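Listed after this line are the structures, all set down as structure tokens.
Consider the two complexes below, in which chain A is the common component and chain B and chain C are the respective partners.
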Partner chain A sequence: MRPLTNNMRGIAAIPVLLGLVTVIVLFLIPKFVHSTYALHMMILIFISIIMGSGWNLLGGYTGQYSVGHAAYFGAGTYTTMILLQYHHLAPWYGVWAGAIMAVIVALVIGSICFRLRGPYFVLASIAVAEIFRVSALNLKNLTNGAEGILITEVPPLRIGGMVITDFMSKVPFYYAGLVIVLVVILVTWRVQNSKLGYYFQAIREDQDAAHSLGINLSLYKNIALSLSAIFTSLAGSLYGLYVGFIDPGTVLGLDLSVQIVMTVIIGGIGTIFGPVIGALVLVPFSEALRSNMIAQALIDSGLVREDSGFGVFLKEQLSHAHVLIYGILLVVVIMYMPDGVMGFIKKLAAKGRKVEAA
Partner chain B sequence: MAILEIKDVSKFFGGLAANLDVTFEIQKGMIMGLIGPNGAGKTTLFNCITGYYPPSRGEIVFDGRRMNGLHPDAVCKLGMARTWQKVRPLAKMTVVDNVMVGALCRTNSLAKAREMAIEQIKVVHLENREAFQAGSLPIGERKKLEVARVLATQPKLLLLDEVMGGLNPAESDEIIQLILDIKKLGITQMVIEHDMKAIMRISDRIVVLNSGEKLAEGSPEEIVSNKAVVHAYLGESNA
Partner chain C sequence: MGINVKRMSIIAFGLGTALAATAGSLISPTYYIFPQVGSVFTLKAFVITVLGGMGSIVGATLGGVLIGIAESVGGVYLGSGWKDVIVFILFLLVLLFKPSGLLGTSKD
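Up next is the complex of A and B:
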């Protein structure tokens, strides 16, 4: 292998400029794009990025593969929604209460699961998250059980006496999502370039070695978990407020936990932009499958005849098969891009440099 | 002055005594060799001293402070650091980052840690490997990396668990030189080693363990001429 060049400063200017342009464009999009469907997709992508990045702090950097992150998503969204619907507390405060609740849940789960390592940690994280789902299902007085919570109105956001937004359109959710995405990316970047990030990665690489180098394992694992839980709960609160309805199966289910992990695995684990790429790939992909867009496109393009047996099959069945195709996608990614799309890009770039040098 | 006192330390796994009433002292600045046949309890003793196992009985006093019950991270912060028999590089991090993790035990600033790391990398002569991934290094360099990493935690006492294991003679010689260089820096060392020639050369004093118990202690010359030690290693003499 070849050592990395230390000419980083010059190279870094281009991505920074690119990032700034992207951010400006993203802020301007709602001014020019009025398609509610496009905004809807963007909001879903933002939520996916936020929860993926949250998971990445614990799973990607610290190497603790939690498959129970729905617990934090659910803790956040249930707190926010209950406070809003039954206690009329504005979400502006509710989401922070949700984040605090998620951290409390995280510390409880951490105290149980961090005793375990590797696959045992994974299993414990699933089991504990399921406890929360079943509890939410049965604590009917608190959570309204399987019927879920339907928000009947979101009070307008005020600062002082001024109404900032009334949350009637998708635009405020778009901006809320975008801001949290930027914050989570910034936090991840900051963590990666600090003592915290070094300690997280040391724990990921070898816990015993890390321990012998003066790293308090349970302290740093709990810091990673708490940070992770905060962002996952923010994603949850945003989701709950945006959709206006939550129930235990959707916001506390194993499906959600797996989806969070998959977003990061496909994008690239332990990288800042892995979750972003994962979300950009997975959300539109699953949406296209679900809404029969792919079947329709195949028929429209003339590749498959609508009245043929296969065409009818696609039209009727493909949308039901999205979980199956999700799975196939995961297998393909693991086989051909073991470090996710980000790792694949890095590898291509390295190859390109080698060709250039030769 | 004794930097480390081991007083009647025992460690039981069920009914098995991996260490039984082991007692010795290490004086400041010296190199203490710890030898013994396979299964003698050398690594177990290291694990007890550095906080990986709580000793079942007895007391470990480091720099005047009782260490029993402290966790490995606290032990490291107090100035006692160890390497591993089976090297444990942080494989996906670079050499410099590996050593920085050690240095971050003493500072919160990455810049300062990088400075300290580069200094230690020079001590072990890995300058031209700084930007390499630790996992890509050959075994000899991994062992040196391991040493640089613990040196960066600024230990007063260094415990080296078979740093020469699996190395060829030329590499072993480099490590011997390294251990002697570290002694010159004023750092006390305890060294587990199977290579008798090496351990005799570097040690000021040697403790021999056999079946968990201390069999002998003395200068290298005393140890080679000790009948019990020769017996433990080679078995009953037929002559």
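Up next is the complex of A and C:
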């Protein structure tokens, strides 16, 4: 009996150890990596992970495919930025005000939209997000309309007269993003292994059956949506403070909602690390396409001569077509990996095990 | 049953696309054209279909007329910036009180 349990503990210890090492490495990265571009990419990936995981709590575990998550992203970031810009409230309070705002918005939207199901819910969520976007465009007194809000500096964070950080470099944003990522992964893990998570998953599998078993549908859907809205708004606030500029098109647009859903679907819907993998795949990939890295790599590797017609074409045109290539690749991934990258890896692992057994 | 599902889906998709293309051509004399012009109408087409009731011919027509009138009237009284908000609020209200759309028959 004893060796068996020891053995099992050993298996469970490996992922835990790996996770710990990864976290420590991630915390140490800014000490050794001074490239602002690398840090910038990491922060974008963190923001993508946070909003993807937020959506995953609602879409992946509770099965409510909201394509209007930009509404919460925008509610969070607009609250934080307006409070900072016009009321001079420091962002580390404003962020929580943004999260509360997002929860209020979520509860209002939830009480309306959760009566609807399937495609009707999806459309209603898009409609609500569009209402927010158009309102933000038109309420010029509050949001500054299409001009957006530009902040020039974030006030330094002080605790008891001591300056903790002045938000001048990218490092504080990196740590803020990393901490929120760890929190959202922990929350997802807790939710997945708790009674709450079982309620969510029961609603996802069959809401009528869940209802007949005594699960209060609108209550648990609203809980899932609120949790989801909190993290989406945190991602939004981090984005707003980091980039320093927001306008309705970028933080409330349908594109953003679709991007959030894409991150999760590409990574693997309803899994803890799905959004992480999705963000790790999508963010660097779109960046590589945009900055023409792929054309350069093809030329450097000697596959394509730089002075040949094709090389010139690649160099001049590939970065213009980045959205096109991005779209085509998304279609290919969805067609050949219907369960996302996580599902694909799991399938490969299962196949490998089968081969081993045979 | 002997129905070629793939063939029928392709025909339905083709017919729908052809109708959308016709609508696009017909609107071009009165509307400005740019590469992203379609996205506005994609969402509106969804809204109209669901508002009228999915799978209902009269419903889609009625939905289209209603949305068009709501947009124009809202634009006149509240300013053109708010006209989309009117459309979406109308859409949400219809879904709330009649989830299957105005003339829809599905139980869901």
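Operating definition for what follows: the second predicted complex is superposed on the first by the 345 of 358 C-alpha atoms of A that agree within 3 Å, B and C clash if a C-alpha of one lies under 4 Å from a C-alpha of the other, contacts with A are read in each partner's own complex, and residues count from 1 in each chain.
Here is the rule we go by: a contact is a pair of C-beta atoms (placed from the backbone, for glycine too) under 8 Å apart; a residue touches a chain by one contact, two chains touch by 3 or more.
What you see is a predicted model, and the numbers here were worked out from it, not measured in a lab.
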| item | value |
| --- | --- |
| Partner chain(s) touched by A:W55 [first = chain B, second = chain C, both, neither] | neither |
| Touched partner set for A:Y78, first chain B, second chain C, both or neither | neither |
| Partner chain(s) touched by A:E130 [first = chain B, second = chain C, both, neither] | second |
| First, second, both or neither for A:F200, with chain B first and chain C second | neither |
| First, second, both or neither for A:N216, with chain B first and chain C second | first |
| Which of chain B and chain C A:F46 touches, first, second, both or neither | neither |
| First (chain B), second (chain C), both or neither touched by A:I112 | second |
| Interfacial residue positions of chain C with respect to chain A in the complex | 39, 43, 46-47, 50, 79, 81-82, 84-85, 88-89, 91-92, 95-96, 99, 108 |
| Residues of chain B defined as touching chain A within the complex | 50, 52, 71-73, 76-77, 81-82, 84, 88-94, 97, 100-102, 104-105, 108, 110, 113, 130-133, 136, 149-150, 153 |
| Complex contacts: residues of chain A adjacent to chain C | 112, 115-120, 123-124, 126-128, 130-131, 134-135, 137-138, 254 |
| Parts of chain A lying in touch with chain B, wherever the complex brings them together | 1, 3-4, 6, 193-195, 198-199, 201-202, 205-206, 208-217 |
